[in-house]
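Have a look at this one.
Chains here go by letter, A, B and C, matching the order in which they are written, and residues are numbered from 1 within each.
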């Protein structure tokens, strides 16, 4: 217990990193996932092909490897430098990796959401003269979003927990802190684990409740 | 609680299926070697020249040779050694928990570690150094690292030392493996890697002409053989074995065979520190 | 295409416009690929001596196949135990008794919220303090995979049961089944079948998650394969591409299998 109290500030800093990684990657994934969904239902075969190939690859590669690729591939070999400061650079590399991975799941959820929108909706939109982009933006996607609030919530929770794997690109967030603390305070393993677990429960549980409530509230009555 | 009972279920499972070594506990590694004729030894698996798992499935390197020699002196045939991969972060845990009988894995003797494990040796004295690109002229020592980017491997402490003692303005990057560090230095994203010179020499040899060791060691790292804490008999027996290895020429031969090719200047055998 | 209703079938002008757009998209993708190729080439990532070791038999025998066996071993054990955990806790969470429902819900929500990495760490380093036995890296990984994925599966099954028409339960009671029978013979089989695609994608998640075993030194594909190969031949990127390809191949075939099962398994 003393360990947790003694290291309070560094633990809070680690969780603040977790929160920032989650928030930025979540926004990025939502944006990229929506674009990918639009691509997958687009009239152009090449767009559809590119998007579905991307989703297959990103969805089926372990996040550990995805982050390794962002670190070594984008960083070391493509020579992309996002900031001269290593910590900032790593942070953004982690965001890129988490976004690349998570957006594939967002895309899958949204696509199945589109499936729940009755055909008549799109047909009515078309009969009003709306084109592909407008049909998608004004009619079908909003309904799809409302149908997949709960799955999106699960994806967000998964993302929150997945930020622990950012240690692969050298971001020191909660899991790094926990490993270091276990090294230093070997006799308090259980307290340390429960402390960090509680941190994640505090982050994830409200999210789960919020999204459960939202999904009921926003469900499309049919 | 559910968690606890689940844990119990798992422990039964573990006992039934994945039961590894170390459950029969001996007070000293000497007893285990004598009675079981078997040892589990922790070595590095990803350090060329010291402890490396090679494509033929065996382990090779100086640490591995030392381990084999010591085991032989304790009465264990090399064929009966199970080499187990350890990483820097789990060496103490592996010894404390009995997952390995000894650790020979570029394991520096420090006072902090002596709180948790016992050390025989040292069997080698290395020094912290820098590995840089071959065309790098400006980096001549740790004090020239201000504003540069330095790579180290998670679970090791040397990078922190550079920052606190030599170059306050250095930026530190932690990677999980030295291969990843090497890639990033070769890619120009980072400027140097720090760890013990003998480890760096292995990578310099792998990338001859592209990487070089600066060659100005700024610390003394005494590699010891990690044993269970307070295993006095074991420490004495291992020290005796090392003494014999130093004097009969096997030590120099093993070192030459493992890291000699990289142009690393071979030192004299160190003085044992029996405590 | 099931989404063809989102746009009109293009007329002659539309077809021409689409062709132009398709060409533009293809060119843009090719340009990105070319830049990546050139940049990687500058770093000599395509050099033969980095790729040829990946074709050697002994490299496969020492690094890739043992790694693959480790990954699959942990995944299979994890799938079986997580499946059991899921069914038990889903049933418990739908129990009529509050004293079963409450704790079951707590356990499920707790493990759903804790990152797998933390669970594996805890099991590996905490086991000695907690039960006085050192568990192997394999057990630690399976422990984490079971609790984390098991609680997710519990929720999947529960939502599957809840999505069934009320009539199913009522009819089962009407023919005189007891509570356990209703769940076991009527609700669970239908829920499992309806949820097969979701369950399989969770199993894919589990397979990928087993890659985290490398943190406690479990010999799986990333640790043994990638790091082992890279230490010998200093070819992190080529080795990582190969390992990723293996994962993708396995997961895609699982996915395909699920679709086939899902199609033929529907009543």
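Quick note on the criterion: contacts are C-beta pairs under 8 Å (C-beta built on N, C-alpha and C of every residue); 3 or more make two chains touch, one makes a residue touch a chain.
Just so we're clear, the structure is a prediction, and the values are computed from it rather than from any experiment.
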{"item": "Busiest interface, counted in C-beta pairs", "value": "A-C"}
{"item": "Most widely separated chain from chain A, with each centre as the mean of CA atoms", "value": "B"}
{"item": "Chain centre separation in whole Å, for chain B relative to chain A (CA means)", "value": "38"}
{"item": "Inter-centroid spacing, chain C versus chain A (mean Cα positions, whole Å)", "value": "16"}
{"item": "Junction residues of chain B - those touching two or more other chains", "value": "93, 96, 176, 180, 183, 186-187"}
{"item": "Shared interface positions of chain C, touching two or more other chains", "value": "43, 125, 130, 236-237"}
{"item": "Residues of chain A whose C-beta touches two or more other chains", "value": "68, 72, 76-77, 79, 179, 186"}
{"item": "Of chain A, residues touching chain C in the complex", "value": "40-41, 43-47, 50, 56-57, 59-65, 68-69, 72-73, 76-79, 114-115, 119, 122-123, 126, 131-132, 135-136, 140, 157, 161-162, 164-165, 174-175, 178-179, 182, 186-187, 189-190, 193, 196-197, 200-201, 203-205, 208"}
{"item": "Touching residues (chain side chain B, partner chain A) in the complex", "value": "89, 92-93, 96, 116, 149, 154-155, 171-176, 180, 183-184, 186-189"}
{"item": "Complex contacts: residues of chain B adjacent to chain C", "value": "2-4, 6-8, 10-11, 13-15, 18-20, 22-23, 45-48, 52-57, 85-87, 90, 93, 96-99, 176-180, 182-183, 186-187, 203, 206-207"}
{"item": "Partner chain B, residues of chain C touching it in the complex", "value": "43, 53, 56, 58-59, 61-63, 103, 107, 123, 125, 127-128, 130-131, 133-136, 138-139, 142-143, 147, 216-217, 219, 227-228, 230-232, 234, 236-237"}
{"item": "Of all residues in chain A, those that touch chain B in their complex", "value": "68, 71-72, 75-77, 79, 81, 85-87, 90, 167-168, 170, 172, 176, 179, 183, 186"}
